[in-house]
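A short write-up of the structure that comes next.
Which chain is which? They are A, B, C, D, E and F, in the order written, and residues in each are numbered from 1.
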Amino acid sequence: MYPNKKVQDLIGTTVQVEMKGEKYILEGTLSGMDDYLNLYMVNTAEVIDGEKSRIFGSIVLRGNNIVLITPVR
Amino acid sequence: MYPNKKVQDLIGTTVQVEMKGEKYILEGTLSGMDDYLNLYMVNTAEVIDGEKSRIFGSIVLRGNNIVLITPVR
Amino acid sequence: MYPNKKVQDLIGTTVQVEMKGEKYILEGTLSGMDDYLNLYMVNTAEVIDGEKSRIFGSIVLRGNNIVLITPVR
Amino acid sequence: MYPNKKVQDLIGTTVQVEMKGEKYILEGTLSGMDDYLNLYMVNTAEVIDGEKSRIFGSIVLRGNNIVLITPVR
Amino acid sequence: MYPNKKVQDLIGTTVQVEMKGEKYILEGTLSGMDDYLNLYMVNTAEVIDGEKSRIFGSIVLRGNNIVLITPVR
Amino acid sequence: MYPNKKVQDLIGTTVQVEMKGEKYILEGTLSGMDDYLNLYMVNTAEVIDGEKSRIFGSIVLRGNNIVLITPVR
């Protein structure tokens, strides 16, 4: 399965996204994506040591600064 | 919704942009963008620990060094 | 042999992937890839100092943040 | 206004460019650019804590390592 | 001489490759490459302070995370 | 003047190249380049605090990890 196809299947579900640089772990609803893996997420929180810190109503993430994307069970 | 479309919708509004490297959090009016998410912003301030530090009249940000873009409510 | 061809040959096998930033060493089954070396992996664990820490059921890795890919013998 | 167009308008003027990695803040005359925001600058100085340190007669900057470009008023 | 052509000429020989992030210096036989300078190497060792540490039977390196490639005389 | 054109004019001359990550400042003869600013250099030395340390007979540098290129007068 192509990685992009896998991400597309996650639209509408809750995902965790780890960004380059230690502090950025974001958890929220994946709302949109494109071929560069730029992501549009809503109801998103920054998670630090398992705790939610900053809350973002909506957020756009630049694909090249994403390290990994994983579904939240 | 495509991430780029979401950013386009933010033109004319106040956004917060986090750049790679901890020190760059920029808040200002989004004035222009392109397909690479390069941004042109005006009335922009660097925000450190919630305080505005450096002020930029106008500024161009290179898309690949942007981590996230979020509207300021 | 082309690097991408080599990675393609590894689909269905266990690989170790080192990501940019020290903490990301991931070991799991390579399930899919594309031309950018974006990877889709399943049954993946983050390995720190030889110990498995976080477990990811499935995970998508952004190719440009991959440093190296090596088969686990 | 497109970000690249804004940078093009700055050719012939003094700009400040911040590069990835803390030490690189460069100030000089923007002499040329291309679509990747690679820049060619002349009469350029590295600025550290507001002080000019190294002087570069002419310099080429790789676009993807530029964080921001701002006019010097 | 084009850089890519130079690397192509090194196929079948021993090269040293420095990756982004301090710890990755890899020495081995260059077995394949592509236009992005993704490399496929065999009989590769990670070299730390002149000592070989980890050994990789075969390895794929992502081109954009390569800093430099040099022949081992 | 386009940045790439400027670099092309430097072929055959001595240049200093600063790479991402503090330790990489390389000085040598620019022997070849391509559109991505990948560089092929010969008679190259790594310069640390003004002192030449490692010597590279020939070296290929990946363009996206180059911060700046400047002629050595």
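Basically, a residue touches a chain if its C-beta (ideal position, glycine included) is under 8 Å from a C-beta of that chain, and two chains touch if they have at least 3 such contacts.
Since the structure is predicted, the reported quantities are computational estimates derived from the model, not experimental observations.
Enquirer: Tell me which chains count as touching both chain D and chain F.
Expert: Intersection of chain D and chain F contact lists gives nothing.
Enquirer: Select the chain at the greatest separation from chain A, using centres from the mean of Cα atoms.
Expert: If we average the C-alpha coordinates per chain, F ends up farthest from chain A.
Enquirer: Would you mind pulling out the distance in Å between where the CA atoms of chain A average out and where those of chain B do?
Expert: Spacing between the chain centres: roughly 19 Å.
Enquirer: Indicate the whole-number Å distance between the mean C-alpha point of chain A and the mean C-alpha point of chain D.
Expert: Spacing between the chain centres: roughly 32 Å.
Enquirer: Two or more other chains in contact with one residue: find those residues in chain A.
Expert: 20-21, 64
Enquirer: Quick one: label the inter-chain contact graph as line, ring, star, complete or other.
Expert: If you draw each chain as a dot and join those that touch, you get a single closed ring.
Enquirer: Under that contact definition the chains make a ring. Starting at chain D and heading to chain F next, list them in order.
Expert: Ring order, starting at chain D and heading to chain F first: D, F, E, C, A, B.
Enquirer: Enumerate the contact residues on chain D facing chain F in the complex.
Expert: 19-21, 23-24, 26, 31-34, 38-40, 56-62, 64-65
Enquirer: Which part of chain F faces chain D closely enough to touch in the complex?
Expert: 1-7, 18, 20-22, 37, 63-64, 66-71, 73
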